[in-house]
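Next, two complexes with subunit A in common: one pairs it with subunit B, the other with subunit C.
What follows is the complex of A and B.
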């Protein structure tokens, strides 16, 4: 019996040279060339090489309307995070400890992630509009184009991102730990506060950081559900770029926001692992 | 006594309250999408729940609108091409990072995830300015390269998580038996990881197909995508044609997502 080894279609001198490190270089190289460089190039674009100071755009970007937009982004982001975490915790707790249909219920949490943000914001717009399903039956919740509507929209968009990390961390708690707490005389609530919540802190932090990052950077939420008074930083950057066509100022705003965001993630570095948090999704 | 059983034995009132909260949360998550789909079947000239019988007139409207059909074609082409690119580069990186050992590995792999973290508005303006410099024209080339960047983190995470369970002894066996690395890759590695690659492709497809925020900067006249058309129509006034187009978008995205889950398991 003879063994025929298939000949490689690629010449040997080439295949033997592609190592795993080359593969890393290919992947990271693509992202570096088409993402990291463009982002860094924004720093150059934000500087003023004409008459006036080099940092003119930054002076404008940190004043008046833009300062408001920054503040609004962080306030909306914060409120959205708190609301989302509360809902997500209740939901995840129920899924882990009390539900018999975890697979189905977890899938229903993930389904919204398969559907474009714009559709979900559009759905909320219809829901709250005077001609929507509530308006049709004479009920009207008049919150459209207010801060409430934007926060409701953001919470809707990012709730699934919060449920998954909390679910995973709760799911990792050994039931014996909880049983021990109960056996030693702690009531159900005390067990939740002193055992379950502390053990699920990593999941809560991961969920909170992700939701905060995504919510503060949202463009569509305020664009669809808010009015001019609800404009967040992403909307100001887009408006400055597309309507005012002030690339220098738009770049300066983008640089400031990105630096703040990176600082925020770095501040949580000790308790938050970005890789692991995103791996939950 | 476990928490599970004690919750089951909790008073009916408390169970009722919890159930109400849960139903509300699920309704909150799912009702907006349901409304978009439901109101696409209205017979009226604005999106309304069709209590008085369903009508397909807005779908007829949709298939006779060449601009919207063009957007559907663009979205399909861009999602397919960019997902292929993302799978190629994301898989290369995932294989490399799982198998190679080198300094600053962890920090370097974070670069692959950055497009998920940076606000898409910033990605959008950064890309379109940079593309102008390196001669990638707006429209198809910008959309395809841009979407490959936006989707590559998802591919990277998914393929990397699936590769961890890969048995490298199978490859060693193939090499010992005389196959070179390419033949081994084609006959051993590829068949084993191909479900993960298909799953990754469809995840990337879903992300690309629904992306709006960065996309709005990358389009050119004549190469608009479905989410951009929906946004433009939303700004000019509510007609049920938006709902019909949205429903098509939802169907495509859900089918692609289900395919992804099918291959992932």
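What follows is the complex of A and C.
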């Protein structure tokens, strides 16, 4: 009796039962095709294969106005992160320990995310303008088109991203740990400082990383609320590409920014265990 | 030492603790015993200062501490969850209270080491709590609560959640530790074995109200009311009316009558009063019915008792049918459905010569009856 081996025209991996490997392939494939390839393509685009040096665009990208934009992005990113974390921590603390309407308030925290950034920034713009409600009642807050306006706008926009992880980590603290601290002789503030804050570090770290990444790469905030002096790197990349149509320079700026941000996160990761912090989200 | 007067707590409309008063003497181990939701934890939290009482007063060493924050009361506290600080080592956990109470670094080190040894964990100082077993964690939590020598140790079900063997071991260990240090302790539990085996005094709480405060023996032998009688230990129960016949108190139920003793477990009730009777299973004997049917000349002594069991000499003898026989290891618990309608519980020898479905006679001494 002979065994007939039939060759199917359909490859075997397609006829197998769907396993985890297939599911992973979809995710990895998606990311590779739409994220890794485009970024790598940027690297190619940023190099100068014509006359002159290969890294000509990089030389321009690291000077003058662009250097300022890089510096500004990271400074704004840092300040926004600090401001946002401070507000988010107080809000999350209130939600966990003092509020009995947690679900409602959490919803209110998230609701702004349903509204497009451009609309929210535009709202702030009108609110702070001399003809806005504050101006009408004689309370002129002259911050429009300054760094303050940009940071206020960014901190406001990214607040929900910070509240949620901090809320989660505060919520995970066993109430009896706090009672124990009080019984052991620590006052309220001492307990917050010695017990609550250390135990919510994962949430603070996660919130900080998320806000920092989002804020540093902001485009709309500085575009709407800032002036020419508030231009961040995303604005410079957009301008170089869309107005000056200098693809090579724009690509070089994009590559530098990406490398800097990754380096920043890596350095941060060396201090805090991000995997643990982000795993708690 | 600790004096609680009229302590009351409302949660909105809900009355959680209702006018509870008691005191604890220096060095005593007192248990607050009650079912879950009876208000015992709320009561403990008010004594600790973690909750504000609606009314009432807490005095510690003669000082009114009712309005003091927990950190100003010099109390030690252990929790069911251990509540150890997960971000600190065992050593740092124990040193925490010492730091807050103003011990300097050197004193802290000696005190921490001393208490690590006291709780049998001398080499575990640098571990984190999550590297320890449940029993070890609870010992650390006790060391932490005691290291700065508080006026009183408050224990909120610290042994709940440990398995049976460990629990008994920890009970033993905790009692030794408490006696050794002589620290006044208030222990909250829903476990009657904890309460009866460890305490100098037991305070039974139900529905926010104090039901009885007495020695463990008295709580068991002479429960103050129906709740205490049913919550602490098992019993055979009869409901009826108290009457006096030939100068002897008896209780008439719908179907039968029970002779009641004249000791103080049965007094303090008036003729004609509706009462409940409780008899502990160890006071109840069960014998095959044949033994009493022929006038009590012979007994097969199927039950545990060595006492004379002839029916004529026993005042309280009731016929019934064996419903269940449960071997509980060191003893056997027999459940008998009495003809009069009640269910009787009796402890017998490990291997009684009766079986489920047997006709039996249940007997008990009138002096063992508790009337509430």
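Going forward, the second predicted complex is superposed on the first by the 249 of 281 C-alpha atoms of A that agree within 3 Å, B and C clash if a C-alpha of one lies under 4 Å from a C-alpha of the other, contacts with A are read in each partner's own complex, and residues count from 1 in each chain.
By definition in this document, contacts are C-beta pairs under 8 Å (C-beta built on N, C-alpha and C of every residue); 3 or more make two chains touch, one makes a residue touch a chain.
Just so it is clear, the structure is predicted and the values come from calculations on it, not from any experiment.
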Partner chain in contact with A:199 - subunit B first, subunit C second, else both or neither
second
In the overlay, answer first, second, both or neither for which of subunit B and subunit C A:190 touches.
second
On the superposed three-chain arrangement, identify whether subunit B or subunit C touches more subunit A residues.
B
State whether A:182 touches subunit B only (first), subunit C only (second), both chains, or neither.
both
For A:120, decide between first (touching subunit B), second (touching subunit C), both and neither.
first
Quick one: classify A:169 as touching subunit B (first), subunit C (second), both or neither.
neither
Is A:254 touching the first partner subunit B, the second partner subunit C, both, or neither of them?
first
On subunit A, which stretch or stretches are contacted by subunit B in one complex as well as by subunit C in the other?
179, 182-183, 188
Complex contact set, residues of subunit C against subunit A:
45, 48-50, 69-71, 74-77, 79-81, 83-87, 96-97, 100-101, 141, 144-145, 148, 154
Subunit A to subunit B touching residues, read off their complex
3, 5-10, 12, 15-16, 18-28, 30-32, 34-39, 41-42, 45, 87, 90-91, 94, 97-98, 108-109, 111-112, 114-127, 129, 131-133, 136, 156, 159-160, 175, 178-179, 182-183, 188, 191, 213, 216-220, 223-224, 233-234, 237-238, 241-242, 247, 250-251, 254, 257-258, 261, 265, 274-275, 278-279, 281
Applying the document's contact rule, which stretches of subunit B touch subunit A when the two form their complex?
1-4, 6-8, 10, 18, 21-22, 25-26, 28-36, 39, 46-49, 51, 89-97, 99-100, 102, 106, 108-127, 129-131, 133, 145-146, 148-149, 152-153, 156-157, 161, 177-183, 187, 206, 209-213, 216-217, 227, 230-231, 234, 238, 242, 246, 249-250, 253-254, 256-257
Which stretch or stretches of subunit A touch subunit C in the complex?
174, 176-177, 179-188, 190, 194-195, 198-199
